[in-house]
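So the structure is just underneath, and the comments pick up after that.
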């Protein structure tokens, strides 16, 4: 493409990072960092074009032809979809450290200041009269984690009695008063429009809300939550075409550098580097019992079991 | 045979006195094909990739059907409300003089210009039970945002210009003699409106109603924020398309889209038919 | 008097559409309001109907002042210039409208409407829509619609303006007969003098918002009260008696600041020398032009530099262009700014002044 | 012949708008195309202009077949029914348009346009827009615009239809004079027989897509070639000789399947007993109605159950409704389905059959 | 008197309706945009990416207006000045974009020009990018505003009839001359009105563009998309601040529209 002509100009190189919604500030800082780093290393200026949107939507746009050199999305599954479309080589998940997830996040509760409904854990969400805000897992990738966390909690509570688990989750979703199409919409519904008593959402987003309205909200960490691994990958086909494989790889590798890890922590993502994570001990609750997607048999299975048409989530609502 | 046809075409071309037929039809059809027809046909192409059974299964899925129902129902109510208020607005703008009339008139197209997402976010915050307007209704126990009423409000917002702008010119041109004739026959304002004026503006009302309805059915941006998106309750059909796309189910998405397209098309067609019937009455 | 207008004035902005209008109409008469375009005919009609409000003055119908009665309560029928038939109603529904408004019994409505449809000769067309009717038929429906609620007074604004010449002729007689049959007091507006003369019992002539004259057609034709009427009515040669004084035989007393109007029927053309009486009063003229006018010939003849017009029957002996003929002028109207009088040819009679 | 139409046919869908139309027009003549609404007059005009294409048949102008000449090259001027003046151009620009298209020299254009403006008597109005003109003035501009490029042939579609009765009269004579002055061969369409008779040198009568007759106004009036023409032209009483055979004196030979048309000028009314000749041929009748018709009276008289119409001069002795009078019928037209002949009163003359 | 009561009631209803449905949302946008103070407002507006998004929005709007005007004029000409078979069908086809959900409008271009679309290989061969690039944004904008201009001028041309054009054609005037000298003055105001509507709608288009933009910041983000992005990044007041640009532009355009309409009415008299 003509916009990539600058590749030949050895002084600048341009890459496109297709990311998801609330990573803008993080990547804004990171891109500066990386630019300095790369310039020192090669003398080249890197221009990173950022794209932000719903993670699933972003993945789809890459599949449909949005030419990303790297993708930094919310779910490994979204990247797998790109892989399945043939744009990313198989085995990308092992390409980089920590399952190609340089930072992680988890699911927490956001409640109103003083926690008037006294919400402590998942079982408080199925109480009558508690109003819950969470997005629709069918249209929002993040919301799948919300669902799975609740499921995991109930699984633990009822020792795998699927009927009881289902009832628990079902009850929880009965308490949901607005099922927004995306995580951001749910946050607005809870924060700006004052709906509901509790928002199930991303930890980093919850922190952003508290930062903006410190007098209004509190964060509650449930006993069981998930280890969400926002994944990153080089889109091999595009990078090859654009001759940017080297810089793209380096772009991702550098995410694991100490500087970048700290940057992630500052932006409320949990650094995957354990030592650096400890530095943020007073920010993050490090005692949550975190389950992983592997516990559900990986994303493909989880999607099939829970979120496909007519699967468990649909069953909950069609009852 | 062939020669005959050619000859006929020749005379047909010659027959046109006003120049520019060839180039105009050429440009019109080229643009129409490139911008509208080819892209739209891709929906058909995609849908043709799945079997009829699958197609029927997709479009009769319970959630999908309920999505249609929500979209159609809300769009219908919104279009009806718009038809009524749009008529009043058009009437007031044409027939009365008052301070601020020009401002009122100028505001009508605002929904065209405001990005739908902005409209959606704004409307939601206004009509939620904490919002300026919503709180008033909340006291009366009426919840607007995150219910069908909210969806209807958003659809009224985006549809109002269609109705007003369809009716306004007709009212402007309408001869006041009809009203005077009815007055002289002793009719009161009420009867004059329903028996004499309404039939005159009915075709225009219908056009505006149809456009508002079609727009409402397809609306996504401004509705999705204010709709609660609860399956079977407040989930609209365009959201289902988005969901299907999210799941990479292009065929499903296009199948749902095709149904909506056909529905919109039928609405337009019905309106055209009613109008040509009405025209028959009036224009011999 | 059935209808009375007293000192009616109406301004549109600065424009005097009605300027102290006064007239009275007898019950049962068919009155023609005749005047040039913009002379305020429609305005008068609309004020009677209540569609406009006079700035001052009173309107009485049947002895009652109706200025403050709303139009729908005045019991007046109105036929609009373009009929204003309800396009979305059938002929039947159009005619029934006024009765339905009165909440009449359904059977009565049906009976009355069918009776009216019969009266206007449109049996079998009651289910048509106005667009499926010809101009003349629409006119009839508009008439029946106005008549349906049995108004005391019928007002018609240029009822024939939108109709073909041929059909117009028929409709005129038809309307006249209908109104006679129904016996309703009626006022109709027209700017076509021929129409007014043919149809009306009495004519009111308007000009610039004023009433110029009121009278039967023949009165108005034979005794125009104002210079305007003299010129407006009839097809006339206007002859100005200015500096280069041309004296017509027998009319030597016309003063130099006066004009004369000569009507075609005041002029008689005879083959040269064939005249029997009053040879002394006859001028000689040369035939300038002969036009065929349907059932008669119109002859233009030049007498002492004045082109006079006369009509000639097809049965009379033929004359040709260029032929020299005898021309007799029986009489003419003389007028100056403010008065009009008829002047008989002094060479043909003795008593020649008739003041009106 | 200057303009020739040969076997022209034109279908709109299944509807025969022109049915084997044939006629010829001499150079310099002013022709009136007269016929009822929908009879195909406009269609003929538009085919000559090239705005429609005939399905078959040939059109010749000045000996050259022009069927395949594009309309803009035919050198024909066209005046549209509603004038179709360019609304956003001044009078000057309207008239100049055709010349500008021909890329004429600027000075020439200016000269020619001003000459035409003078001709139509609108000096000083060249900068007005059509909306600032009266109907009659617009008509004149349309005429000048069509004339500007000096066409060989001028076509006018109902040139007076949209104009007031009074102004229409004036414009008729004006147009006639203009065309004579310019000398251009012209065809104009009208459905008003009075208009055609007054204005045209020759009239072509159309009916249902066919040409019924062509001739001078007097020819057509006096010798109608078809039953349609006999009824369409002139104001007539149609008298059907059916079962209850009513025999008018002198017309006993009319057969029972024939109709008769009696024109007003065929009928002479005389005070009872005052008749001088042919007393034997006179019927007695009773005066039913007397209408004032502007410059004459129209008298309806009932003779043996037939209502006859006659015109009577205002100068004649007065008669009254109900009076019994002598009625003489000079002649009448007799027709059956396919032929028309004039029948003279056999009691008044000896040679009574004149076949046309 | 009774009439006056009706009049007042109707006027009140109208004003109330407009206030609730249109004016309050408008005011809300402005208030939200200023809730972090005027400085924050300025920062949001003069942000590099805001300006780039504004530029792209203007580019898309201008392209859509130019193309749709060009198309609209020819389409209106063909529909009003000629009779031919399939005219009604053509008219309906032109109206289709009105009835199509913007989401579907975006989707159809993906289905044609996207990596999975049937025209992709062809485009790759010539190295043309349409979706997820500026051309796609422009195309989508054209699509959603496609009938705006033609719809405004067709009724005017229909009412005008074709006598004047026929008269001019008879005198031998060329198509271009007929259009510029005779037709254009008639449709001048309607055309302008259509252009203004088209501008307003093009500026605000979100749904269709959102589907095929790819949200590449500074490259394929239009103003509405930029607003959405800001919103999704928890920058609510910035989002509203940027929205207020659109609102102000819309208000300017609507004022223009009122002036145009007023002049048009005056010229029509």
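Chains here go by letter, A, B, C, D and E, matching the order in which they are written, and residues are numbered from 1 within each.
In the analysis below, a residue touches a chain if its C-beta (ideal position, glycine included) is under 8 Å from a C-beta of that chain, and two chains touch if they have at least 3 such contacts.
As the structure is a computational prediction, the values presented were derived from the model and not from experiment.
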Expressed in steps between touching chains, what is the minimal separation of chain A and chain C?
2
Quick one: how far do you have to rotate chain C to sit on chain D, C-alpha fit, nearest 5 degrees?
180
The pair of chains with the most residue-pair contacts is B-E
Report the inter-chain centroid distance for chain B and chain E in whole angstrom, where each centroid is the mean of the CA atoms.
16
Using mean CA coordinates as chain centres, what's the gap between chain B and chain D in Å?
54
How many angstrom between the C-alpha centroids of chain B and chain A?
38
I'd like to verify one number: the distance from the centre of chain B to the centre of chain C, where each centre is the average of its C-alpha atoms, in whole angstrom.
54
Residues of chain E that touch two or more other chains sit at 116-117, 166, 169-170, 174, 231
Contacts with two or more other chains occur in chain C at residues none
The positions of chain A in contact with two or more other chains are 63, 188, 192
Name the touching chain pairs, please: which are they?
A-B, A-E, B-C, B-D, B-E, C-D, D-E
Touching residues of chain C toward chain D in the complex: what are they?
36-37, 164-166, 169, 191-195, 197-198, 217-218, 221, 234-235, 263-265, 268, 291-296, 311, 313-315, 330
Chain E partner, complex, touching residues on chain D are 49-51, 71-73, 76, 78, 80, 82, 84-89, 97-98, 101-102, 145, 149
Show which residues of chain D lie in contact with chain B when the two form their complex.
50-53, 68, 70-71
What residues of chain A sit close enough to touch chain E in their complex?
1, 3, 16, 18, 21-22, 24-25, 49-53, 58, 61, 63-67, 85, 182, 184, 187-188, 192, 205, 208-209, 212
Of chain B, residues touching chain E in the complex:
16-21, 23-25, 27-28, 31-32, 35-40, 42-43, 45-46, 85, 88-89, 91-93, 96, 98, 100, 102, 104-119, 121-123, 125-126, 132-133, 153, 156-157, 160, 169, 189, 211, 214-215, 217-221, 238, 241-242, 245, 250, 253-254, 257, 260-261, 264-265, 267-269, 272
